Amino acid sequence: MAPQYAPSLRSRLAPLLLLLQTGFIVVFAFYVDIETHSFNTDLTSNFYAEFQDVHVIVFLGFGFLSTFLIRYGFSGVGFNLLVAATATQWAILLNGLESWYHRGKISLNLRSLVVADMCTASALISIGTVLGKTNPVQLTALALLEVTGFVLNEWLLHSLLRVQLLNSIMQLHIFGSLFGLALTWVLYRRGSEQRFEKEKSGYESGLFSMMGSVFMWMFWPSFNSVLVDERTPERHLEVVCGTYLALAAGAVAAAAVAVLLNPEGKLSLVQLQSCIQAGGVAVGVSASAVHQPWEAMTIGFSAAVLSAVGVQYLKVHMLLAHQCQDTRNVLSTHGIPGLLGWTAHLLLQLWDSEDHTMAIRFAVFHLCTLFVTLTLSLLMGIITGILLKWNFWRTPQDKKCFDDQAFWEFPHLAVRK
Amino acid sequence: MAPQYAPSLRSRLAPLLLLLQTGFIVVFAFYVDIETHSFNTDLTSNFYAEFQDVHVIVFLGFGFLSTFLIRYGFSGVGFNLLVAATATQWAILLNGLESWYHRGKISLNLRSLVVADMCTASALISIGTVLGKTNPVQLTALALLEVTGFVLNEWLLHSLLRVQLLNSIMQLHIFGSLFGLALTWVLYRRGSEQRFEKEKSGYESGLFSMMGSVFMWMFWPSFNSVLVDERTPERHLEVVCGTYLALAAGAVAAAAVAVLLNPEGKLSLVQLQSCIQAGGVAVGVSASAVHQPWEAMTIGFSAAVLSAVGVQYLKVHMLLAHQCQDTRNVLSTHGIPGLLGWTAHLLLQLWDSEDHTMAIRFAVFHLCTLFVTLTLSLLMGIITGILLKWNFWRTPQDKKCFDDQAFWEFPHLAVRK
Amino acid sequence: MAPQYAPSLRSRLAPLLLLLQTGFIVVFAFYVDIETHSFNTDLTSNFYAEFQDVHVIVFLGFGFLSTFLIRYGFSGVGFNLLVAATATQWAILLNGLESWYHRGKISLNLRSLVVADMCTASALISIGTVLGKTNPVQLTALALLEVTGFVLNEWLLHSLLRVQLLNSIMQLHIFGSLFGLALTWVLYRRGSEQRFEKEKSGYESGLFSMMGSVFMWMFWPSFNSVLVDERTPERHLEVVCGTYLALAAGAVAAAAVAVLLNPEGKLSLVQLQSCIQAGGVAVGVSASAVHQPWEAMTIGFSAAVLSAVGVQYLKVHMLLAHQCQDTRNVLSTHGIPGLLGWTAHLLLQLWDSEDHTMAIRFAVFHLCTLFVTLTLSLLMGIITGILLKWNFWRTPQDKKCFDDQAFWEFPHLAVRK
């Protein structure tokens, strides 16, 4: 009976994970050690608290956010943990490549764990688009490729355009969502225009995903500010307060617009979850140019409005017109707010710059940044998609989509005594 | 079909929220900026960690606490987020009025975000009394009025009686609960003596609200200590340890008394949730006079006993005798423990004071504090109630009470493929 | 009707708790005060953030971890809170005995709260073995005895073998699980080979326990590092990074092995929850000897593999061959990884030591440590078991096992209007 259930797991997932994990350990043994100096900047002040908040966003937030499908909760939270645990280790290695090249060793500290968590977050965003239509082997492969692409993008931005780490990391929303969209476009299943049997949310599943969602919402200020240079506490404060206010403004705007757009004039919990994050995303991307609270609030407000419009119309449009099925509204949650943030960054910088030449130079530079990110994310997404289409991975059949039973054992119902 | 469902949302909630949010952004643009000096005290030590804990209490704690009703979970947590996001922005402005008057600008820092979160908490306490019987427009209006009243109370206490911010903020339990009681008394619906059809808790909803409840319970020490002056770390430690012990003592006492009072000799999860917080509330109100662990524990113990008695008898009594329906046991969770904390503060201060005259002066001063808070909270509650009775708000009909379906879209159950 | 439901609660639990709590308050009044000097080391850096993380593990983590049984969620999380609140107070007193003996007073600071939380954690581990088959009176008694035994063990290790506090505290996994196993062996109920009627997990209950589980997983780095001396930040960093990587490696390995061992080749959420913690446990026990990331990862990997094997085979074997029913897989979650951590500690220390004589001395010393812990835990477990068999406690009947209805009032289903 075994082969009929999840053939992908035993013959594919287990060897892949064991191989990967053994490989990681071997590489770590030769090339990674703990940084013993400069720990002072790491462990002072609130870095550790923010590190844990980011950790909560990545492992609990994204995990429970994915439980909104009525029969896909175990997979949502379980595979999220699994994939994130693999991807962070991979990200630590990739991010350390440069240091390895120069020093022969990769130094580990709290900061590198946070950066790895964030690279993982970009992969978890991508996963949102194909949630329910892929098996965990595919998700693991996807995450490794996405993280590779993302780190490559970071490196390109840094070496070609001298973009600072903080700014390139925050591209994770744009990179992750476009990668995911290209991927789900390649992986399109014929007949997806009609909902799958289990592609719907339920009451308890809605509350579970709301829990993940509220945790993400609460901890965005830490996510956006954790990598801000500790030596500029006033910048840190600006980002924390800005994100806080953008999220508040965004939540209020999202609810208002959602009610206006809904045909029955009601709210939808799952849709709301997508829009309330928009403020945090947009301010994160534009963080280094936002200095005034009202700027952050305006960005948050606009991002939430666009996101609410996107959730209501764009998801269906993408599906029907472009054969691009985006399970968790990633385009509206991360993509559009990310692009808005990018635009806001540009406008604010132009506004601030006194010199005309400088302004134009910045605009060109900023456009190049976006161009590199877009190209690389779409390209990598398409390549990954083509790779994942390969029969080798044993993609779940249509009728097994959005269903935990394909992968998870359920408690026996027959008992005695 | 639209008008039959939640007529209040589209024509009332959306315009109100958009208007409010735009207004906030405009006011913030002119009058609010980030405080760039003195950030050092904010960002050192554990202020940020405590700030996040308070954030969790306000947005997640109160939100999930309100999911205990079997068909009101979406509203409980969703409206909580919405109202809190609106109220914090309002509270930031109101709390900054004095600084605006003197300097022309409102300075924003982590401390002002925490204070705003706390003012919001007082509104969320009030909302507990009318949970399920109001629509989100009413909840938003209520929150804005409650926060206004609360800040006014704070200002009166400060300018008339020279009460310190920390002490006046901690009146939030008393102010919030009495405001709520007055409000629900005015908004009484005939026939409420008999339970509404959906006014009951369920199994999963009980666990969800337990989650919110445990988070509040765990983070009370941060809630009570966050505003203690950082320059007196020994006071900080006293409040943290005191709250921790009061909560532990309170939880144990609450369970014992609940079992004794229950007619079947069993525990009730929802009732227990109300009582276990009592210790934290009472110690919070009396924080500035509590120095010894055993004092905190005694206060926690007594508060939990009173709270358990209140939950068992007072709720029904208030409903039948005074036509005051208190959905979330706010009187017993915040009101009575708050008053007990006030009394404990008085007694401890009298006990400590060596001088007879000083003692009497303090007692008079302390009575005045309570008198102002009581008067203002009841008055504002009644005024708010009368305002909310206005037909304009489209109060939900009796049969739509305690029901998410009036406001939330439910996932379509009919699917194909 | 009352006596037929939970006779244990009213006549046993309530008096016990009230007596205990009153006793605690009296003892605290005479012998405990807040430490007013040296608070600096406590409140600097991230101690407070880590304190809260430990708090979350003990009260929320263990609580929701215990909700996996389909009809035992209220008891799982409710009794956990109750027992933990009692046990921490008891642990504060016991841990302070030495200071009381020398100074006549017990000093309270954040550190002593953390240590008390950890002693409580060892009791909560033990409780996992008898979950569902005991009433709250028994759980409270068990927790008090377990904490007593654990503190005694700590004291023995310290006074006989000069083991440092950090190392002896981390024995909590070994002590707690063996105590629990001995206990459940004594309390064995005839006929338990066949599952009890309600001894199974469900869909929502699986997600609730996953929530608790993910919180524990995320906050293990704080749990393992919080007691590391603050004056050696590089040690702190090593433990945090090590635990982080061990957990990641462990989660990946656990999933792979679980799939390989499962007869249907699927994953089981509840089993996975047991294995993913293994890495954190094993690294915690061996923390003081682990310096390289790859060492931590190897330990995490091996612990997870052993734990997954244990969950699949050992639980049933223990039940059928040794009449030892371990409800929450405590042996595989804490026991085996704990022993592996102990072994890893030994091997790493031998590897590091240059001197032959020193190595042998350490091995003997380390063996003695284990011997004392094993003996005391098993002995105390057996004694506690015999004590709890006493009819006085009114053990729940077989048909009431794993059922909330014996202890908790359920919302009335009959309503009017």
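A few remarks follow.
Order of writing sets the chain letters: A, B and C. Residues in each chain are counted from 1.
The working rule: a contact is a pair of C-beta atoms (placed from the backbone, for glycine too) under 8 Å apart; a residue touches a chain by one contact, two chains touch by 3 or more.
Per UniProt, the chains are A, B, C = Rh polypeptide 30.
Every value quoted in this text rests on a predicted model; they were computed, and no experiment measured them.
Residue numbering shows that chain A (Rh polypeptide 30) and chain C (Rh polypeptide 30) use the same positions for less than half of their mutual interface. Between the two copies, chain A (Rh polypeptide 30) and chain B (Rh polypeptide 30), the Cα superposition rotates by 120°, quoted to the nearest 5.
If each chain is reduced to the centroid of its CA atoms, chain A (Rh polypeptide 30) and chain C (Rh polypeptide 30) end up 34 Å from each other.
Contact of a single residue of chain B (Rh polypeptide 30) with at least two other chains is seen at positions 45-46, 49, 204, 211.
Against chain A (Rh polypeptide 30), in their complex, chain C (Rh polypeptide 30) makes its touches with residues 45-46, 49-50, 53, 70, 191, 194-197, 199-204, 206-207, 210-211, 214-215, 217-219, 222, 233-234, 236-238, 240-241, 244-245, 247-249, 251-253, 255-257, 259-260, 262-270, 272, 276, 291-294, 297-298, 301, 398. Remark: chain C (Rh polypeptide 30) residues 1-2, 5-7, 9-10, 13-15, 17-18, 20-22, 24-26, 28-29, 32-36, 39-40, 42-49, 52, 55-56, 59-60, 63-64, 67, 73-74, 77-78, 81-82, 85-86, 88-89, 108-110, 113, 204, 208, 211, 407-413, 415-417 touch chain B (Rh polypeptide 30) in the complex.
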